[in-house]
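Okay, got some structures for you below.
The two complexes that follow have subunit A in common; it is paired with subunit B in the first and with subunit C in the second.
Our next item is the complex of A and B:
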């Protein structure tokens, strides 16, 4: 499937900030089933975009901007994908799968998540893939997609207690649950071409990869309740949202900030 | 079992290191020590060396009790110890380079991978990244205890941001003022040059891109940190700027310090702030005491952090028990300093042994420090033993256990007069691109309570001046 992406993030400041520093993880990489035909990342200011690779193998762009009343980041390009039955192969793996059992503040399983994971996967015990499918259905059905009560700092436990959240929260809950039953799991940020043909989206997408011995990494999309397909364009991967966030930044000065995202994902 | 006393042999004779002091004590007027102790307390109050005790309702500032009777080692004894310390720090650096690099030690099956991967002190962000001069631990505070004339055990490898060196220096300064005659009569190795050696070490580790006169700063979390006094003390003695995160900024992967003359490039940061607060763009996003972009500058090789990020994985108590094997693996040598035999409660057999022998053992939290959350079996009440039994059963992975060591004792001036009290020692090991430096001395901590083995200041411990001298 051909997926064409245009992702613009615009900050507007009520006063000119002294300094803005950001790390972008907005550049997808090739792997089996995903080929980047074209891609560019731009910032609408005279900054030095320094490209690097983080510990997980994600491509990062770091920059510092001084002054100015607005700041726009653009990521744009085209990705060719093939359905691989959810399997993710050919990625550059920097760590053994066991690393992805590591707990982070955002993905710490509390007793509610631990017992949820244990109970729901009990019958499928011994069959990891099956357990993960049960978990996928359980998180998708058990949580309501709702952007109002959560933000980027919401933990898996908090979202699960409300049974609400966005793709980020559902992914964190899935990750926490999977790790609590001993299955390595990790957070993926990227783009999703919607099946209903809607092109304009409010934000990028997030899903999960879990490790199945014998198969390798397999993608699960708890927000949509499906395995990862050729409609998913994978950009960055880490232990949680913080490690894979499309944009992480800090700012000195600048007063009030207004953030607008313009995202088009289409054929 | 009677502990080894560093002054007096079992037959009552005096060991060589203490001969001059014993003679002085014998002839000193009875009230002299009392007067000197009062003077010492006044001096420390005036200097303002305080520390905060955690776990109390209000972390109040206190003065660590100072004992005016020095702890003494001969130059020969010291030399043996330093060889062991140097070897240990070499192994720590080799281990960290490997863990964040090729991970040969995991492939060789010497350390279980989950102890690394699931360790909160392991920083995945450092994997595959090189650090200037391949050095991770530039400043170590290796805690050792002595059990007989020749044997030292390492208790802890403090490889993150070890503190206490200001006490070593202040204790000496106060002792010289109180007992000038003793320093006149004895050749005590100086410790005042510690900061010169530290500065030489920090300068030597500057990135290759730095100028020949690199800018070194000391970064503190701020005045509310319990070790703030030491941070300002050291910056002052080093003659470098004491900075907080907000005094630094990063532009295009270069770190600058704001000064009245405009931005000045920074090459080496002696940071006394924990990893997770260093850079809100990589670690805790809510950290307001870090520097955004610092890790990018670090990875780009434009600044050296001392110690490196992620060194905590080497001084973790769970890793500690593997140190003899780690040392053999990288250096191909036998460890000079001993490791305390350690039961890893994560292993079922070890756990059942520990539960069966709880009253004889010392139990520690794997990720704890400062003597908090520790059980000293022989001194514990029945209730404390039961509490720990439950803790161990609930979270065996969180604990290790060790036999109760007969820590050596040193003469100490307490309420009842001069009496033996248990001590440990934290020597400071500096590791630069141009070699290892160890100041003859260190911080001797003393358990002031009769029979107590817990020397931590937060648990009622005091300090002593530590003398290394020719006899």
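Our next item is the complex of A and C:
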């Protein structure tokens, strides 16, 4: 499937900041199920955009801009994908799968998540892949997609307590539950081409990859309740949202900021 | 475009590239065989030149022993060897002539001129020493002329893309073959690392792909086998590396897919190999076996050649 993506992020500052530093994880890599036909990252200011790779193998761009009342970052390109039945192979792997058992503040399993995961293991005894599919259905059914009550700092436990959240929260809950039953899991950020044909989206997408011994990494999308398909374009991967976030940054001055995202994902 | 035309363009470039690679292999061999036995090692360098050219079996049906004379004769002039330098230029030129109107004047002049010069060349005079070196230099400069005139004069459409595909597929095959024959010297063995033999073998591998200076620019280090392999396999900046070749193969296949509005198995194969080379680490390749990796690569590259043939050239 061909997916073309145009992702624009614009900051508007009430006063021009002295300095803004950003790190972008907005550039996808090739793997077996995905091939980047063209891609570019642009910043609307005269900056030195330096490309590098983080510890997980994600492609990063960093820059520092000075002054200016707004800042726009654009990632644009075309990705060709193949359906691999949810399997994710041929990726750049810097660590052993066991690393992805590591708990982070955003993905810490509280007693509620732990017992939720435990029920799953009892329902689907033994077979890890089966457990993950039951977990996928459980998170998808048990949580309501709702952007209002959560933000980027909401933890898995908080979201699970409300039974509400966006793709980021559902992924965090899935990851926390999977890790609590000994399955390595990681957070993936990327883009999803919607089946209903809606092109304009409010934000990028997020899902999960879990490691099944003998099979490798398998992708699960709890927000949509499906395994990953050729409608998913994978960009960055890490232990949680903070490691795979499309844009992170810091600034000196600038007063209040307003953030707008314009994202188009289409054929 | 007729598939026949595409086929001619693709093979025209493959043969020119092959002639150049043979010249490079022979240059490296000549250099190694000129070293004292203590440095050069006990292997017969002329024999491994035949192996790198991929014609060991057919060679021994004609000659009994691999010596400088027999190998030069077979790899450069022999009519019995379908891939001798002489035959490469002959076939490149006849493929080019079949699509003469698709080529620019400069390109045709380069192709035709090379063949005319080579056709009547007396083979006896240039089997050795300085004359051989001069001749191999000439082969490389002819390939450079064809390549350069294509790059500078041809319209960027499917004609150009098919000819470029041939160049990079052949080049990938050749780099992989050099690595395949020399992989035993690239494997780190503690007692031999840093020995004179290794140094000359590694530098011969690098010189065969004109990468001696690049090596020092990239690594700023003495010659280390895993770094040599890293440069020749994974470094996309090195124009003869497998990664660079597949970057280009992918690019030209993408152009064709876009122009024809259709993609097939060859795009898929090329993309998956490009992804593999883009994500691989040299430590992992050594750990799971350099030899296996290269054998697998050569196999995939051949499959891609067959897929391109199936999809576009027949």
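Quick note on the criterion: the second predicted complex is superposed on the first by the 267 of 267 C-alpha atoms of A that agree within 3 Å, B and C clash if a C-alpha of one lies under 4 Å from a C-alpha of the other, contacts with A are read in each partner's own complex, and residues count from 1 in each chain.
Throughout what follows, a contact is a pair of C-beta atoms (placed from the backbone, for glycine too) under 8 Å apart; a residue touches a chain by one contact, two chains touch by 3 or more.
Note that this is a predicted model, so its numbers are computed, not measured.
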Query raised in the report: So if we stack both complexes on subunit A, do subunit B and subunit C clash, or do they fit?
Result: fit
Query raised in the report: In the combined three-chain arrangement, what's the angle at subunit A toward subunit B and subunit C (CA centres, steps of 10°)?
Result: 90
Query raised in the report: Between subunit B (first) and subunit C (second), which, if any, makes contact with A:56: first, second, both or neither?
Result: first
Query raised in the report: More subunit A residues touched by subunit B or by subunit C?
Result: B
Query raised in the report: When the two structures are overlaid on chain A, which partner does A:99 contact: first (subunit B), second (subunit C), both, or neither?
Result: first
Query raised in the report: With the two structures laid over each other on chain A, which partner does A:82 touch: subunit B (first), subunit C (second), both, or neither?
Result: second
Query raised in the report: In the superposed arrangement, which partner chain does A:149 touch: subunit B (first), subunit C (second), both, or neither?
Result: neither
Query raised in the report: Can A:250 be said to touch subunit B (first), subunit C (second), both, or neither?
Result: first
Query - CA minimum distance (subunit B, subunit C), superposed complexes, angstrom - result: 9
Requested in this report: Kindly list the residues of subunit A that each of subunit B and subunit C touches, one partner per complex.
Outcome: none
Query raised in the report: So in the complex, which bits of subunit C are touching subunit A?
Result: 250, 254, 263, 268, 271-272, 274-276, 278-279
Requested in this report: Using the touch rule from the top, collect the residues of subunit B that touch subunit A in their complex.
Outcome: 113-114, 117-118, 124-129, 249-253, 280-282, 285-286, 292-293, 296, 299-300
Query - Interfacial residue positions of subunit A with respect to subunit B in the complex - result: 19, 21-23, 48, 50, 52, 54-56, 62, 64, 66, 94-96, 98-99, 101-103, 153, 239, 242, 248-250, 252
Report summary line: So, in the complex, the side of subunit A touching subunit C is made of residues 29-32, 34-35, 37, 57, 80, 82, 90-93
